[in-house]
Structures are given as structure tokens and as C-alpha cells.
Amino acid sequence: MTKKSKSQDGTKASDHPQITIFSGWCKSCGICVAFCPKEVLAMDENRKVFAKSPEKCIACHMCELRCPDFAINVKEVEKQSTLAEDKSDE
Amino acid sequence: MTKKSKSQDGTKASDHPQITIFSGWCKSCGICVAFCPKEVLAMDENRKVFAKSPEKCIACHMCELRCPDFAINVKEVEKQSTLAEDKSDE
Amino acid sequence: MISNSELVNKYFRHNKKFPHIWCPGCGIGIILGNMLRAIDALDMNKNEIAFVSGIGCTGRAPVYVDFNTLHTTHGRALPFATGLKLARPELKVLVATGDGDATAIGGNHLIHACRRNIDITTIIFNNYIYGMTGGQYSPTTPHSDKASTCKLGNIERPFNISQLVEAAGATFVGRTTSYHTLQLQSIIKKAIMHKGFSVVEVITHCPTTYGRINKKGTAVDMLKWQKEVAVDKSRADKMDPKELEGKIITGILMEKQLPEFCEQYDTIIEKAQSMKNNQQGKSK
Amino acid sequence: MISNSELVNKYFRHNKKFPHIWCPGCGIGIILGNMLRAIDALDMNKNEIAFVSGIGCTGRAPVYVDFNTLHTTHGRALPFATGLKLARPELKVLVATGDGDATAIGGNHLIHACRRNIDITTIIFNNYIYGMTGGQYSPTTPHSDKASTCKLGNIERPFNISQLVEAAGATFVGRTTSYHTLQLQSIIKKAIMHKGFSVVEVITHCPTTYGRINKKGTAVDMLKWQKEVAVDKSRADKMDPKELEGKIITGILMEKQLPEFCEQYDTIIEKAQSMKNNQQGKSK
Amino acid sequence: MSQTRTEIRLAGSGGQGLITAGIILAEAAILDNKNVVQSQSYGPEARGGASRAEIIIAEGSIFFPKATWVDIFLAMSQKACDQYSFDIKAEGTFIVDTTYVDQIPTSSAFAIPISSATREKFGKELFSNIVALGVICEICGVVSARALRAAVSNRVPDGTEKINLEAFAFGQKLAKEAIKNRTEVETESIEADT
Amino acid sequence: MSQTRTEIRLAGSGGQGLITAGIILAEAAILDNKNVVQSQSYGPEARGGASRAEIIIAEGSIFFPKATWVDIFLAMSQKACDQYSFDIKAEGTFIVDTTYVDQIPTSSAFAIPISSATREKFGKELFSNIVALGVICEICGVVSARALRAAVSNRVPDGTEKINLEAFAFGQKLAKEAIKNRTEVETESIEADT
Amino acid sequence: MNKKSSYQLIQGNEAAAEGALAAGVSFFAGYPITPSTEIAEILSDRLPANGGKFIQMEDEIGSIAAIIGASIGGRKVLTATSGPGFSLMQENLGFACLAEVPLVIVNVMRGGPSTGMPTSPSQGDVMQARWGTHGDHPIIVLSPGSVEEAFHYTVKAVNFAEKYRNPVIVLMDEIIGHMRARVSLPPTSMIERVNRVHPNMPPEWYLPYERSATGVAPMASFGDGYRHHVTGLVHDAKGFPTADPNEARNNIRGLFTKIERGFRELCLVDYEFMDDAEHAIIAYGGMVLSARSALEQLRKSGRKVGLIKLGTLWPFPRFALEQYLPQLKTILVPELNMGQIYREVLRVNAGKAVVEKLNRVNGTIITPNEIVKTVKGLIR
Amino acid sequence: MNKKSSYQLIQGNEAAAEGALAAGVSFFAGYPITPSTEIAEILSDRLPANGGKFIQMEDEIGSIAAIIGASIGGRKVLTATSGPGFSLMQENLGFACLAEVPLVIVNVMRGGPSTGMPTSPSQGDVMQARWGTHGDHPIIVLSPGSVEEAFHYTVKAVNFAEKYRNPVIVLMDEIIGHMRARVSLPPTSMIERVNRVHPNMPPEWYLPYERSATGVAPMASFGDGYRHHVTGLVHDAKGFPTADPNEARNNIRGLFTKIERGFRELCLVDYEFMDDAEHAIIAYGGMVLSARSALEQLRKSGRKVGLIKLGTLWPFPRFALEQYLPQLKTILVPELNMGQIYREVLRVNAGKAVVEKLNRVNGTIITPNEIVKTVKGLIR
């Protein structure tokens, strides 16, 4: 279990959502990566997902909703979610 | 097997169709009687069908077509059948 | 048209006992007779007709007639017929099946035969009841009607068979009644000539079970009812829905051309054989 | 909305081994997850949910989730569910079934459950193939597509599931894809709330069998295809048929209110009991 | 077989109500405090074709439930008469409804026009089976008239008890006449035989 | 069991092509004029989970078709390694693909990064199973390289023969290096043990 | 049902339906088939009047599926059918065996195979009742030998099903099913009703397939708070699919263990004139009637013949025969089939007595006289 | 199939498919199910290439119905399935028995009951193959003990089906079905093909169920001018339904007569080391492989043990055992079930030798060592 999106600098640290990937469950299908509207996610050379640009995450939850293996988790730090705004689902 | 419609007088004898009822097969359902457009057929007190007024028969064959037991037979003496004219089937 | 005597002589099995087993006034005999007249009008070869049925009063029809006849298990006439047809596509395959046989236990085979569009003509003798077993409700028994297993009234809604088979993919759907014998003949004729899977639903009467428990009167009364509720499609198309309530639309309800299953299979054989020949050519 | 971690904690069985058995990228997990989100949104009591399935990759869904779960035989989820629901009408009964399970071997039970309008929500995971047994064609495999038992192309035409269940009498029909997860949630929610038999067809992908043999690319590619072909009903209603060719209309396709089976049965019980009391009153 | 065993067979065509008649007969036997079993022929053959009900009455236990050697036989159709009369005891009671049976295989039969008489009297043949019960009661006496009347009342549809009891009585009357006639006929035939 | 019996088990995860590798190995044995049977694990477990192919090669007849005491074991995933290594002979040959296996239960194993080396060399892991065959061929010699090459050509899709033979040769090369390294490692470990 | 006298005339099928109600059956799903249809017809009337439920399914596969579902929902359930329908039920019958779901199937046998002779008596399904579904499993099969027993055995069947969490077949023949007899049924208050054992631990601790000392695991109904998994796959004590050989073994062997533990209770056997018998007739179902008549005659003529009446066919009550083997010279097994229980008798007999069969497969029944003749011939 | 060498590596399921083609099967209808699916997949490819036909039906009921229909149309037909599908086929299997329609079902057994253990070996359907459908009927069941036999027995099955106008079951286990072995298949020209006897009299004289001296009636195909009636009702020689006891008797007994006449031919049995054997192992299917290995060890250690390998399970080859009973002290029957053929052995043994069973129902197979140990224990 790896948490990758903890930012290092103190100021805006908790501003962007926390993305967690349970690598033991992830089957490296690439769906989350492909459909993230903000290109937050990427696959490392061992085909494991990681949050390449966590700061771009808008907490649309599309990666969570489409992960077939319940292996990714996005937690907003601020309460608002942008779910309703996302149009990629229509 | 009884043939009932042979007319007795010589002149118009063969003018009207020949109606034959195979009483061994007839189950006395009354369908032929009920739907004969010319009221040619009737049921005797033993519930057996007979041609009461064979001379009225127009050889529409409705009795044949609707007899569930293949127990009635109508044979035109003249070749023309009035089948096409009958409207009771529509 | 062929007379009853000729019909009997030409198509009935001389070594079978008559009268047949059906009750007085039962519509099954009427439908059978008019099916035979349709066949006669088409001048078909008896050796090339296979007549297949399931179990039920309706299922007893084939035994009487002098075709290749196959009386299968309850609900399974269509898969038997499918195998037979695919094995010998030159046969004309007709299926006689009751409402229970076709849409209760046999419902799945019915929709799949429709979907495959295999060249079989299926006549559904819809008497709204399981006749043979003494009058239990069937998937076509009208709502609120009675039967021996729903003496307080049927709470299930009936299938609209024609709609169902159309949605399942049948390419010819006709409906008529046992009263409308000429229309019956004409629809069956067209259904047989249709290339593909054709369904003819015939509304008929079982005076012994459905008629008795629902106080529908005699066979004659039930035929009169058929006469009254039937509306020919050509007329119905011009009527508004209100008027059509409680009516049964008859005629050819749907007809279209789509590739037939056995013919399509022939293309597979061709493909497979040419691939095989190619491979043998290369002698890899 | 509930997060994945919360979902897993709240609804998954802690004593079941994860990751689950489905292949990488398989759509079944996506549908299962969004079904759970819909259930969560409706705030249902886990004790009152019965989740029933047949056999197939889809059929493996119930074992993972912490409801009353019943993994039946191939094609038979619906009659098991029917008995369970009628026996305990207070249960919310959900059925997960594959295209083969629901429309091949289980086709008859499907149309009869529709006809009865029993209050069960059926989710059909339509991946166009028999996934579990390694990729044979199913009744929904598109014409000309390949499968392990039709390597030269499928000659059968697929069922249009939504049309079929509507003709059979379903009172709620929805369709969406595993790509459209929000729509999926919303349709499942409405289906569960609908009183009567509801069918939700979810177009999904089996990259391992159907995808591979038909060269449809990865799970990602197949999801992209779903995105492209789907047209929401509201939009489709305004498009002309030409434009809609090759498209899949999604949304709630049909919804109507008709008396529900279990409720109707209660009226039978009332009738029967009042008759019995009357008789005992008369003490005949 | 117990000595007291009486085997009764009612045969006719489907729809004549002979199964019901058989059940009533059996229920009457119970009211008479006798042991009884009843069975019948089933199946599509019974539809239109010949139909048959068998009743076995005994004081003690009845093991084998089918007739093996029939004591009392009623035939209400020719077909049934032909088909089911092969195992009637020589000294058994043979009753035929002459409405439907022309050819009677024995000269010792009670020949009674049950159906036509019923039709004449009640306007329809519906009650012929109950009339037949009256006939059997009177001729054979294997169950009491009291019990039979009670059994008839119990079994028939509510509101039709009275007319059915009339039918029963009418049957008894027909039987009495037949017994009278038969005695005469028999005398005649004996004379002719000599 | 016949003395000449050699039992081989290839284990990994579904999709790695080990069943195909097993079949090729068995077909090669036939070309070498040996007797052979092959079997595998089936089922949804094989989907994603651990998968296994077994090949038994002998000079004479083979009765029992399953491995009972494995001579040659190849593990290409950790799960498979854990699950299927319990019945390897002590003196057996143990080969692991270090790309996917971290924890090796024996120190005498040939540890070769089969998949990652394949990926590096050919751009994808697709040929790992054929590379693995090359490895086995070189290390165990139970079937001839000639036969294996022929079997590979026969079984792979038309047009891919050449690249697959390259993969096979690459496997042989990897094995040679491993044999060399292992000898060194072993020497080391013996020293450390003292 | 006529309630006026303590004696009534009822049919075997009717007695089975009354037995079901008396035993507390509150759910029936079925599909009509001769000669069992009366059971469905009666229950379609009487169940709702008693708050129970009746549903006519689209076929027999759906029927058994529905009663399994209802049983899992906590009801006592029953269906009725005949050969063709019973054949169709086999797959799901296996499900109920493996998932240990209580249910009762009344199979009123008719002439087979296939559509066969739908209205004629037969005992052709005895082996099918034991072996009709694939895979190893035990089953309980009772065969009533009178109308009265049709009632009592149906009650017992329901009770056995509940107690053992196992399907029970009431294998009735058309003779019993369709005959009417004078019978006095006990009032419902006199009927022993057995209910399945429900779990009594907190839900988190419940293991749906952990057997108690009786060999049977407690069974929770869906909706009672004991959420669990039911599957037709081989499973562990939690109910989850397993491929572990030990768990698999426990699953399958456990099915047998519970029946073995109850063996004596499950075996309904009656003995008539067996004390001094040197010759035995072994009969069940309608053949008991012929055998009893024959016995009466044979004893009258001084033959030392007795009757072993099998009420339970499966598990086969081997002891019923074994205990008499030392005294028996000959055994006759009259059956309306080609000799099905005969095979079991042969197996248990193990070469000791002379075993003969008397068979009939033509739609008629074996008469007492035929049995008398055969026994006399055997004794010589 | 690789045609380059006379030896090839093929799978048991593939061998069965090749056997079907070699025997002239030209019609297959089926529904996929593990572990038999390969047979359908191979034939879906190879049949059309040979002018034959393959159809995937909506379920197993439809599958057997379709092959019956095709067989009546004159084709040699086959289907393949496993336990759950085989259970569903039972009703129509009975139809084929009664209507005497040649067909072959390959049942590749898996762990049961119900969904059971879909990919694990089992021999749980042996009794079901004999008794799964309702009513009395005989059946022919062959059990290949190697990949090569999967080919040859399938050929034999087709030939028996045609010759006896009877369904034949090839009861294969997953061990044989899924293993690959080095096999040399004979060229098609070397395969004996038996065809059903067609009528050779004028059509008006044809009676479809009038048995010839062999006990089998000639069979006309639909479309050949011999119009006749085929039904699942008990029928007379014309094929028409009958309720006449004599005709009914002739119908049912006739089914048995033809199989009895062919009994010796139908019984495929091999004997290994039986000449001087005092102890026998009786095995079939995949268990033959374990038994042979065990035998090798036992003989090496001087034990007088032999193997009776049953290729035919039904009709049960009783003589195979009977002829050795005088010399046998013990018999061991290892089976991947709870002891099904064991029951038959007990029956035939009739108390003579000591009969022991060795069973396994956990999804794994019995190893040679276990057999060795058990036999040694038995011999003491």
C-alpha cells in the first residue's frame, strides 16, 4: 500500500486531493490513467500506477468510479467535489 | 356413414351440392349447424347432424372448413364453388 | 379447394384410429384441417414435409397425418426441428405447438429460433390454457380469468406472443383465429413460402377446460367470440387505439427478409472448405 | 459520494480474498462498484438486500459483497430470486447476470420474470460473449464478429435485450455502459426504486476473450468505444435513424407502472382467507 | 381377498359424470361405516373415449385396490360396455343404459334407458349419473339409500341438492320397474330356451 | 515409475504463455522420439492467478500423468513459486524469473531475469515463454535444442518463426551466463557458510 | 376437504397435499404434469387460504429453483411433479443437495422413459431419485404404500428435510396417487412439526456450513441478519468457494455424514409376518397392496412368507433385510420396473438367499395372484 | 491437428473430437461447459471444413434436442458436455432411448454435485449415466482410459449408437480430457465405420419399430420417402402411441433385448496380469493410469495383483469379474467418487471375494502410491 500524493512543501500541501493506490489490488489495466481528465496518473516501468501530478487532481473521482479493482482512492481535502461538473461520463 | 342429401325427384336432383356426414366421426359439437350461412344443417334429437334443407346449400364449404372432426363433406355438382363469395370468414 | 373426403384420404394415416382424441368442438381439428388445405394448395411433396410437435393436446396433431412426423418432449419441438432442418435443409419443417408448449416451458427455444431466423414455420395453437393437463393457467391466460390453479383469478399478465416473437427476431408474424379458416389457410400458405422463421399464432378455443371454468359457453359460443374480437390489420390500421381495446388484430402483422440460418451456414462451409483447400495447397 | 476505501470497508466481505478473480481491466468490477455506490446512495439496510446471480464471470460478483448472497446455477438466478422474493417480499432482490446467463440458457426465466412484473432488479452484464468458459459466442454477439466457436464469423443475429424484455412485459428498462459510471449509478438507483420488474442492461467489455479475438484492443480501447457509440436517449430522440446506425441508445428506455406480482398475490391471500372465514362462518 | 369384498365398476364416456358417481358411492359406503377404495382410468383416452370408475367396498381391510372380479357393472356407452365387461362375475349384476348401449353381451342385464329417461324427466342429461346411482342403489343395495342420499347432498354444488335428490329417487323408480320387467323377460327367455 | 521419467513443471501467472511453452516442450520430446504427457491447471484461478503446466518425459511408457516428484521447476511469478514448489526434488533443477520472483525458497536456484531481459531485448515480454524454453533447454538438456527449435517453429503463428527462434537462442544465452554466475555464487556461499 | 366425519374419502395426491399443509409447508412452486397435477391444484387453493403462497412457474427447472429460493427465505417448501419434470429438476436438485437447502419433491411416477405412459402406474424412477443428478451426494427418498401414508410420509418428508437440511423425495406411484380411500387424518395439533435449526450465535460468528454434533449446520434465512453466501460451488464452512482439497473433502463427505448419523431414524420399514418367515416379499409403494393381498392367501395356504415393506428407499435400509437373512431361503421383489430395488437387495444379500424379481413395465400392475404364483414357484 | 509426424501431441478432448470426425459424425449441437468446451471449439472449426455442421444452442436441453432431430434427419451426431449440462439433458436422453435414436454424448466429468468443482477431476457421474433419466431403459456407457482411447472409444461410441439405435455416453474424466499425450492416430481409411441399417422394403411395408433378428429395427431418415411417426410416448411397431399392455411391454422390453443380444460386443474390457492374480484392481477412466503405475510397483514387489480395466461401464461387464472370482481373494475399486462402480462389483461378487473401495471426492486424484498402500494393506 503506497501513498504517493503527499506534497512536500508546507503551504499548499493539503489543497490538492489525496490519491491512494493499493498496489496489491491494482492489476495495471491502465483505465484510471487513460481516463483521468487532468492526466494526474501514470504507470511506472513495472506497470504500477502512481500519481505523477497530484496537484492537478480535481477530485472528479472518475479514476475511482472506473477502477475495476477498487484499487484507487481519492480523498478531497476541501469538502467540495467537482463530480457534478465532469462531463466525461456522458 | 350416411348420405342424406340425395334428392328424390328427378329434375333438380343433381343441382344442389351433395352433403355427406360421417356420423362415426361426428362429435355433435354443432359448429357446422351454427355457422352454415343458409341454415342447411340441423341436429336430430340424438345430436347427430343431418342436412335439413340440402337444396339451400350454396357449397360455401364453411361447414367443412370448420368441422373439427373432418366429419362433413360437401360436393358441388356443378363445378363452381361459391367459396370466394362467402364473407363470414372475414 | 380440396374437399374433406379428399383431404382425409390424401393426408391422414389410414392405420390410425379415428375419430381423433380431441374433445367435441375443439379448435385443434379445425386448425389442423386448414393447415392441410394450405399445404395442399401449395402442392407440396409429402416426403419433404416434416411435421414436429411438443406435448399437449396440440402436440397430438402430427400422429394423424401422413408426413414425416415427430412428437417430441414438452416445449422442445423447436430445437428438435432446428436440428432436423439444419441436418436436412431440403425438408419443409412445420411445428405445431400449444401456448404452454411454445411460451411456458418452450419460451426460450421460441425466442432463439426467432433470433436465428431458421426456415421453420411455427403454428402456435393459443387456447389460453394447458388443455392436456386439465386446465391450468398458461402464459397467455388473460389477467383475471380463471383456471384450475387460479380459481380466484389469474394475477399474471399474458404474453402478447406476436410482439414477443417480433422483438426476438422472427421475420414473419401472422395471427388469426380458428374461426377465420380462410385467413388461416392464406396466412399459413404465406408463412410456409416465407424464407426464414415464421410464426402463426392461432387464437383457438378449449371448450372443455378454459371454456368451462370461465363460463364461455359452447364451442360455438367461443367461435362467435373469436369472430367478434378479430379485426383485420388493414382495418385496424385505420382505427384509433380506443376502439381497438379488447380487440385482436389479425392478418400478417410483420414480414421482412433477412438472411436465413441454413443458407448462412452454407457460406461458412464454403469459407471453411476453401481455407482447408488453400492450406492443403500450401501443404504446410 | 462514498470513496472506494469506504465502499470496500462497508460492503466487501473482509474474509474474502482480494484482488478479485476478474481479469485486469474487466468491466465487471466497474459495474459492481457502481451498483454498490447506488445502493449506498439509497441508504439501504444490508440485511434486507439479497444479491443473486447465475454462473459466469458475472456470476462471481455476489461472493465478494456483504449482503445475503446467492450464487445459483447457470441461467437460473431469476427463478431462484422469484421464489425468494415471493417468500420474503420485504427483501430487496438484485440479480447480476451475464448475457449468456440471462439470454441464452436463462432466456425463458427472463421473459417470464418480465411478464410477472415481480419486484426484482436485474442487471445484465452484457459483454457480448461467454467470458467464463473462454469466449464462445453468445446470443448478443454481433453478427460477423468472431468467437472461439465461430472463428469464421457469427452467422446469428444478436438479441436486442431491451426490446425483448419490453415486449415480454418488463416495466422498467434502462441501458448504459461500464464507461458511463454516473449514469450507471443513476439508472440502478431508479431501477431499485421502481416497483415491479426492472432490467438494466450494461454494455461492458471482456478484453480477455471477446476483445482479444476481435482485435478490439485493451480494456481502455474498449471503454473508449463504449464512450463513442453511446447516445443518450434524450439526444437520440432528436436524431434521425440514419445517424443512429451503429449507435447504442442509453438511458431509461421505458418506465411504466403496473401492479406488482407480490402485491397482487396479497390480494389473493385476502380473498382466499375471507372466503375461508365465510365458509367457516357458515360452518357448512 | 376378504369375503365381504364387493367390486363395482361404472363405465361410460368422459363427461357423463361417472367418476363423481363413483366418489359419491364410495363416500356413502363410508357413511355406512364400511371400508372403501375408489380408483379410475385417467388420460386422454378418457377424453371423449371410454371412462371408468371402480369402487371396492368391504367390511374389513382392503388391500388390492383394483377390481379383479367385478360384482356390479354399469355401462353407459357402447364402447365402455365392450371394453370393460370382460371380467364381470357370471353371477354379477350387469346394468346398461340403453340410451347408448345397443349390443348387450349378456341376456341377464338390467337394460334401463337411464339417460333418455333423465332427459325426458329433467330436460337435460346432466343428472344421469345421479339417476344411475339411484338405479344401482335399488338393484344392488350394497350401500344404503340413506347414506347415498346424504353423500349426494354433500358432494353436489350448493343449491342443487334438492333436484339431485329427485334424480336419485327417479333412478330408484326406474330400477324398480326394470326389476319387474326383467323378471318377466327372464321368464320369457327361459321358456324360449327350452 | 519408469526410471527414465523426468517431471517438469512450468508455473507462472495466466497470460505468460506457459501452457504453450509446455506444449512446445512436449512436442519437442516427441521429435526426440521420447514418450511424453502434458497437463495443466485450469479454471478461473488460472485467470490472473497462478497457472501451471506439467510435462512428463520418459523413454518408455508413462502411466501416471501428473508430477509427483518434480525434476525441473520454472517459476515466473511469486505466487506460482510459493504455491507449486512444495514437491520439487532436492536434487531437482529450480529456475526462477527474477523479474517477478523476489523470494526464492532455495539457494540452489538459477535466478534469471527472464521477462525483464526479454523486454529489454525485444521491446515486449511477449516472447518470455520462448526465452524460458531456451533457458530450460540449456540448463537441463532433457530435450534437444534441435527438436525444441523445430517445435517452436511448428507451433508459433505463421511469420513469427524467426523472431521466436531468436528468442529461444536468447534464452540459451541467458542460461549460459546464469550457469557461469551460479557456479561463482555457489562457491561464495559455500565459503560464507564455513 | 370434507371435515364432517373423522373418516373421509381422499385421494393419494390429496393426502400428500394435506400432509404438506399439516407439516407447515407455506410455499409451493410447480408446473402441472400428470399424474401429480392434483397436488398443485389443491395447494393453489389451500395455500393462500392459510397465508401461504403458490406460484406456477414457467417450467420444472424454474419450479425447483423457486422453492430453493423460498426455502432460503425461510419457508417450508414443496413441489410436485412426475418423471419428465423430475428429470428436468435434476440439476437444481444437486444444487439443493450441495447447498443443503431443505425442500420436498413429490414425484408421482408414471410410465417412462420419456413421455412414456402418462397415466399408467410405474415405479421406474427409483434409481433416478438416488442418482439422477451429477456428482456424489446422498438423498432421502420415501415411498408411501397407502393413501394414509401419502399423508404421513409427506409430513415426515418435510420434517426430515428441515432436520437434515436436505432435499427429500416422496416417490409415490400413480396407484397410490390416484386411488381414493377411506382415511382418518389426525388433527393438525397432533402432527409433529420439525423446524430447521436456526443459528443462535451473534451474526458475526455464524458459519453457515459448520456442522454441529448432529452433522447438520444451523441455517439462517435471508433477511434474518445473518448475511451469508450460498453457492453451488464446493465451499468451505463459511460458504465460500474453495479449491482446497481438505475443505472440498469436508464439504462432500459432510453431506454423507449427516445422513449416516440419522440412518436409523430415516429408515421407515414395516415387517409383516416376518417372525417365522422363511420367505420374504420386499415391496414398496403400490406394490405393497398387491403383496399384502398375496400374503393373506399364502399364509392361508400355510406358506411361511412375510413382508418387508420399505417406506424408505434411500438411504437403502440394508439392516431391514440383513437381520432376516439368516432365516430366509428366498426373497421376491415385485416391482413395476425392470428390477431397481432388486439390485440393492442383491447387493445386500451378498449371495445368501435366493433372490427373485417379478417385474412389469406395461402400464398395468402386478396382481396378488401373480405374486402368489411366483412365490409358490420359488418355494417349490 | 498437426499431420506432419505419425506421432502427435494431442489432448483427450481433441482426441474425442478427432474420433467423432473419423467415425463420420457430421453434426454437432452443444453448449459450452468446462471441461468439455474444447470439443465444441474444435468441431466448430473442423465440421464445416468437412461439410458437416455445428450449432451452438441456447442450452443443453436444446443441444440434445437438436442432435436428436439431426439424427432423425440421417446424420451421425454427437454433443459434448459436463455434469450440469448432462443433468439438463436427461429428459431428452430418455426420449432418444425410447424412440431409439442413435446419438453420442461425451460427458467430460467434473467435480459435483451442482456447479461443484468445474475444473477438477471426478468420476461422479457413473451412476447418473445409467439412471439419470426417468423410467426403465438400458444405455451404453464407455470410459476411455487414455488419450488414445478417447479417440478409439469415441469411434466405437458412434458405431455402437448406429448399430444399436441407441444413445451412447462417452464418460470421460477431466484427467483424460485435459491431458496431452503422444499418440499415433490411424488414418481415416483404417477406421471401421458402422452405419445404421436403413429399411430396404417398399415404404408402405416399413414398420419403424419392428425388430429384426438382431433386436434392432431398421431406421429410415426423414425425407427418404419412408414417412413414419416418432414419439416419446410408448408405442407399437408402427411408432404410434399405444396403451395396449402387450405392445407396451414389447416396446420397453425390446429396448433391453437389443442390448442383451449385443452384450459381449458392447463390453470393452482389458485384463492385465490377471492370469495368476489373486488380487484384482478394477479401474476405469483416469484411474487406470494410477492403477497401472501401482500395478507395476506391486508386481515388482512380488504381489500377485492384476488389473481389470473397464472400458465399458454400462451394460456392466459382469462376466469380466465373474470369470476371475474363483481365483480372487481381494478386489480393490479405486474411484474418484464415493464408490459407484464399487456397488456393481459388490452385487456381482455376491459375497465371494473381499471387496474394498478407495475413494476421493476432493478434486485431486488418487496417486499410484495410495493404491499400492491400500492393496498391500488388503493383502496383509
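By letter and in written order, the chains are A, B, C, D, E, F, G and H; residue numbering begins at 1 in each of them.
One rule holds in what follows: a contact is a pair of C-beta atoms (placed from the backbone, for glycine too) under 8 Å apart; a residue touches a chain by one contact, two chains touch by 3 or more.
Because the structure is a prediction, the values reported are computed rather than measured.
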**Message:** Quick check on the contact graph: shortest path length from chain A to chain D, in steps?
**Reply:** 1
**Message:** Using only the chains other than chain C, in their current positions, what clusters of touching chains do you get?
**Reply:** A, D, E, F, G, H | B
**Request:** Round to the nearest whole Å and give the separation of the Cα centres of chain B and chain G.
**Result:** 58
**Asked** CA centre of chain A versus CA centre of chain G: separation in Å?
**Response** 60
**Item:** Whole-Å gap separating chain C and chain E, where each centre is the average of the chain's CA atoms
**Value:** 43
**Request:** Indicate the residues of chain H shared as contacts by at least two other chains.
**Result:** 34, 45, 48, 58-59, 61, 84, 91, 95, 114-115, 118, 120, 231-233, 243
**Request:** List, in ascending order, every residue of chain E touching at least 2 other chains.
**Result:** 43-45, 48
**Fill in**
Two or more other chains are touched by the chain A residues 27
**Item:** Contact footprint of chain G on chain C as seen in their complex
**Value:** 55, 73-75, 104-105, 107, 130, 132-134, 136-137, 139, 148-152
**Prompt:** Along chain H, where are the residues that touch chain C in the complex?
**Reply:** 27, 29, 45, 48-49, 51, 53, 55, 57-59, 61-63, 65-75, 77, 91-92, 95, 221-225, 227-233, 238, 240-241
**Asked** Which residues of chain D touch chain C in their complex?
**Response** 104-108, 111-112, 115-117, 139, 152-153, 155-160, 163-164, 166-169, 258-259, 261, 264-265, 267-268, 271-272, 275
**Complex contact set, residues of chain F against chain H** = 1, 23, 26-27, 29-31, 35-45, 62-66, 68, 154
**Item:** Interfacial residue positions of chain H with respect to chain D in the complex
**Value:** 31-34, 37, 40-41, 44-45, 48, 54, 56, 58-60, 84, 114-115
